[in-house]
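These are the structures, in structure tokens.
One chain, chain A, appears in both complexes that follow, with chain B as partner in the first and chain C in the second.
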Partner chain A sequence: MDARVTPQARTPELRRAVTPWGSFSWGYSDVGADIFIGLGLVLAAAAGASNVAFLFAGIVYVCIGLAYTELAAAYPFAGGGPYFVLRGLGDVFGFIAGWAVLLDFTIDITLFAWSCVDYSGQLLPVLVGSVHPWVHFTVVLGLIVALCVLNVVGVRESTAFNGIVSALDVASETCILCFGFLFAFQPELLIHNMTASWPSPYHLMLGTSLAIISFVGLESISQAAQETYRPASVIPRTSVALILTILIFALAYSNLALGMQPWHPIVGNHGQHLQFWQIFPSSADNQGKAVALLAAQVPYWGAIAALYVPVLGAILLLISSNSWVFGSSRIAYSMSRADLLPSVFQRVHPRFRTPAVSIFAFCGLAALTLAFAALPALFPGAMAFYARVFHGESGLDFLADLYAFGAATSYSFVFIALIALRLTDPHSPRKFKIPLNIPVRFRGEKATIPLLGIVGFVGIFSILIFTLMTHPIGRIAGPSWLLLGVILYFVYRRHRGLPYLRSQKHDWRRHQMEILRTSGDLELLDEYTANLKAAENRTGDGSHA
Partner chain B sequence: MLEASEIHATLVGAVSAVLVALAIAATFWWMLHPPSSTVERRAKEAETELERMVGSIIVVFTPEIASSHMMALAAKVARGERSELLAIYVIELPYTLPPDAEMPLEERGALDALGAAESIAKNSGISIRTEIVKARSTKQAVLDIAKRERANLIVIGDHREGKYVGAPLSRTIEEIAADAKCDVLIGVEGKHGTLFVGEASQSATTEPPASQS
Partner chain C sequence: MRSMLLVRALFGVGFIAFGVVVFLRLVVFAPQAGLRIVPGIVLALAMVALGIHRIVLVLRLRSA
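== the complex of A and B ==
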């Protein structure tokens, strides 16, 4: 064995090799897939006000996106939302935010695998859930197991593959929308549907809380921040571009769906002609593959789109599902390293060097969620219980409920962390700052409070309230998940002899300097050092953290 | 075959389609052009300077100056920058001989050196011109050809005045570097290639190290 050692052995670091397009496609492969699921659910719930639901959720999403952009550019460290909350609000809230994100990621594994099979069912009728529930269930379960195994052995899709699929999807969706608006859009039909089919306040709230799931996944860009070259310059651009792209698609799709004259007439059960959006409320199968159905109804382009959109959608959803497997294990791993979760989640497979315990744990949980979601379809006898306890919600609705709860909870914490970090850490350079700020003084230092952060928090908190009011499963299972997590957290902290409510001591200043040193934006390191020095000169000591 | 409806083209629909396409295109253009940092601007300036510097490259060989390793480097640079490449072999003609004197041994050596240069260029996938030049002064011949070819870069290997360690570079090379109107890249090996020898002896266990020119 070669006994030579290199002169300077260093801990391996994540290599900064992700380009602007790589960063965008990393996020797009997660968020871009959401509209494939969200569109049908929102059209089914909010009917003629679907575009309004998307608009409201979109405004909140813009605020969320801007918050993530500012935080990821200022703290380009792998970890995403839970890391920001840990830094801004301390260990307990960092844990709660991370635990909520873990719920989201676990649900996402199932939700996206489920929808992937729904899209495939557009071309392979044997996979249609309502007709062959056992086949549907088995294939979804098979996908979860396969993704679990692939992640344990360390096989992941390459960034280049993500980039190609994202580029194809952006081009495809732009073509669908352009052809749809050019040849099938009738403004008077849109106005008619909005007036004649305006939903009740309950359904509008339900639709809005579901619309937010079309915008979940910004975590990915901030999680990739540590691998992005010059993150402070690149991440604001890719995040804002991602926000705008998804917002454009969501608003355009919802308006097109409401004002679209179908290319092929749609006939209802009683022989009457249906509007396009009317095929969703009564069919869970249709809700799972809305974009493919819409694409098939677009004149000219629809002839091709009907063939490739189900395939493209299924691939994008599968990539997304895979990234949630990877993301959940990564978050559990980083939470475990921060002493927020037991060290078993850090355990890596001796041969494959992957966090196998985390992967098995969250894939197992995803499989359990799948069983709960699919139970009424598999055993119709269980329907009565679901009707009594969960208002009859099952399948895609079951998963979407939990998804909306987890997303709204974790985003709420991120807004609070944003405001807290503005006050407690005014020295970190922020190359991107959310516009509209109120100057304040905090502990003798000049700081600012982001007005849009407050607006965003109010927006996402109202969506959380909508979710609790309109989603029976979200109302029961969501808070139960958080309560379970908090109990486990206290048990674990007691076991380790760590403080329950107080945070451990973190040297954030040194940590921040290390992050900026490796980020490639050395000007920011200079700025940070100068800010700290100026603060020390003002106060006459070095006590700033 | 499904029945198809009629087309519903409206002005609002057309404007919406154009707006969607423009908004997506503008977003991506903006995203892919982030502001450059100081180090990136410096790198860009250096690359521009390199492009200007290596438009036309001349690699110089003489009986004393073996430039094969520099030829390999020049070929790689020329391929990356799409430069023109000319390899010249200068045979210095003593004043005791007439201008058209035959020097078979030196000419044979020239054919070997330029043949190797062509082979390196071929392996690198670039085209190359070669030329054997007889001149009274190597320095003057190189400078004249550089002027004729409007060369941006002269690449030359090293030759020392003595055999001892630390001997100065040959006077010809010094003069070319001093009087050339373009950049000159001189490939000076380490102390008799000790770096290569050291690395080769450490890494090669089954096969002998590749020979160095």
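== the complex of A and C ==
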């Protein structure tokens, strides 16, 4: 997010070596893992309307995905949403968006490590949280510590490994869904379940706010942009495939879960036969490993899937957890370079050359959230307090609450930044533009307002409202996190003698030229320079040069 | 390279066929189910869209 980069600066640049498949798999390993967590939570909350919750969140996600695609292709710089917000709305909002993303990434470290252990528990009963809470807690904590150490030392999963796991997972999920829809899916059962088990408006809102967590991780599209060769061409191609793939999996799983006849009969505690989705509302253990349970109930393929899906799910979730450790430390590092966070977050380990302070800070925070989430299971005495104050939410619910809040907040800002950048920076070439645009004139320049950006903003903002209305922990802890961040921001800006509300002077034009030059999209650099020159001729203002 | 393109094209055709099957299985229930089939129909359309996207990319790569 440091806009003070100049062509003369000798800071090392990221190598542009990510291929189209690498770009896809990078995104898939982050977003693709979400459904492994989201499916069970949504089925538990929205019951017969789970597919509707996924549809609503999915439509918003498509808008978010298109917004990220346009922004990442136009500004191929590894700063993600906070970088776009900083450019579009200035320092304060850039900080708030970055701080919300940091909340999300920190929660993700815990949430994905937690779910990784839940999936492993499908094959190793000693890891089942409700039976052995201390073992579950210790293993999750061990994973967080291990990821912290690995990131400080500088070991990171390679793009090739991501690619193999992503390819295996896409193939596996496609097989599960093919067998499921061909041999177990009954449309009349789907319609019956939707009619008989339609939730209350409160639960539908709760389910929708949880469904959005199945679509989080699009930051990786823009994170990968700076390492993708010719990103303006490659990113739109891979992003559209990624957006559609994730949408299909989320909608397919939810429709299948509601409309499938289980391969093996599921019997409840009182000997009654249960529909597949009915095993989720009363069991946090089941919610944590929903995809593995569904895969095992698919005819024929389920016999193999029951064995490998928990392993594949656990690996994908662990990769994802690792990428959140990496992402949170890099976002804190880049926010620090842009004077949005104290310079301590820029401190690099003298031997390993990694942002060790940032990694320790956010892994430490992740360990704290783990302790808070696991407390009621570890000490039954604390359960009464949680039941009174937080409506008895489980550890997984607590993490999901904050996850949904952080995602909805940061995405809301990205939509506003998209619209603002269309108006304030019409000269940057946009090889990919969100369809459906309204032409306007802004400060004497021709610009366009993306209609889908407005639709997406309304959608994600309503999900933010749903989150505040239906998540007892999210509505307290989420805004408190933002408030704490804003206070720290003002204290830091005062300490540094920087303006509180105004932005520092950023030379975005020079910065844009630099990122286009390094991206390999030289024709876009020419187009940008020509656009600036034309604007300069129109206004007679030499400042564009 | 050629065989890879073929696999990708087959993948695209498979998704289109799968989408059509899901669409047809759901659409016959439209009179009694009404709007309840909308998530399923969107799923089917997304499958067809992904299939078309894959095939268009393969054709573009072949002609390049």
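Here is the rule we go by: the second predicted complex is superposed on the first by the 531 of 545 C-alpha atoms of A that agree within 3 Å, B and C clash if a C-alpha of one lies under 4 Å from a C-alpha of the other, contacts with A are read in each partner's own complex, and residues count from 1 in each chain.
Note that a residue touches a chain if its C-beta (ideal position, glycine included) is under 8 Å from a C-beta of that chain, and two chains touch if they have at least 3 such contacts.
Since the model is a prediction, treat every value here as computed from it, not as a measurement.
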Fit or clash for chain B plus chain C once both are placed on chain A?
-> clash
Touched partner set for A:F183, first chain B, second chain C, both or neither = first
In the superposed arrangement, does chain B or chain C reach more residues of chain A?
-> B
Partner chain in contact with A:N269 - chain B first, chain C second, else both or neither = neither
May I ask you to decide whether A:R237 touches chain B, chain C, both, or neither, giving the answer as first, second, both or neither?
-> both
Which partner does A:N537 contact after superposing on A: first (chain B), second (chain C), both, neither?
-> neither
Have a look at where A:T245 lands relative to chain B and chain C in the superposition and call it first, second, both or neither.
-> both
For A:Q261, is the partner it touches chain B (first), chain C (second), both, or none of the two (neither)?
-> first
Common interface residues of chain A - those touching chain B in one complex and chain C in the other | 178, 181-182, 185, 187, 237, 240-241, 244-245, 248, 252, 255
Using the touch definition up top, name the residues of chain A that touch chain B in the complex.
-> 20-21, 24, 170, 174, 177-187, 230, 233-234, 237-238, 240-241, 244-245, 248, 252, 255, 261-265, 299, 520-523
In the complex with chain C, residue positions of chain A that touch it | 51-52, 54-55, 58, 178, 181-182, 185, 187-188, 190-191, 194-195, 237, 240-241, 244-245, 247-248, 251-252, 254-255
Within their complex, chain C touches chain A through residues 18, 21-22, 25-26, 28-29, 32-33, 36-40, 42-43, 46-47, 49-50, 53-54, 57
Using the touch rule from the top, collect the residues of chain B that touch chain A in their complex.
-> 2-5, 7-10, 12-14, 16-17, 20-21, 23-24, 27-28, 30-32, 34-35, 37-40
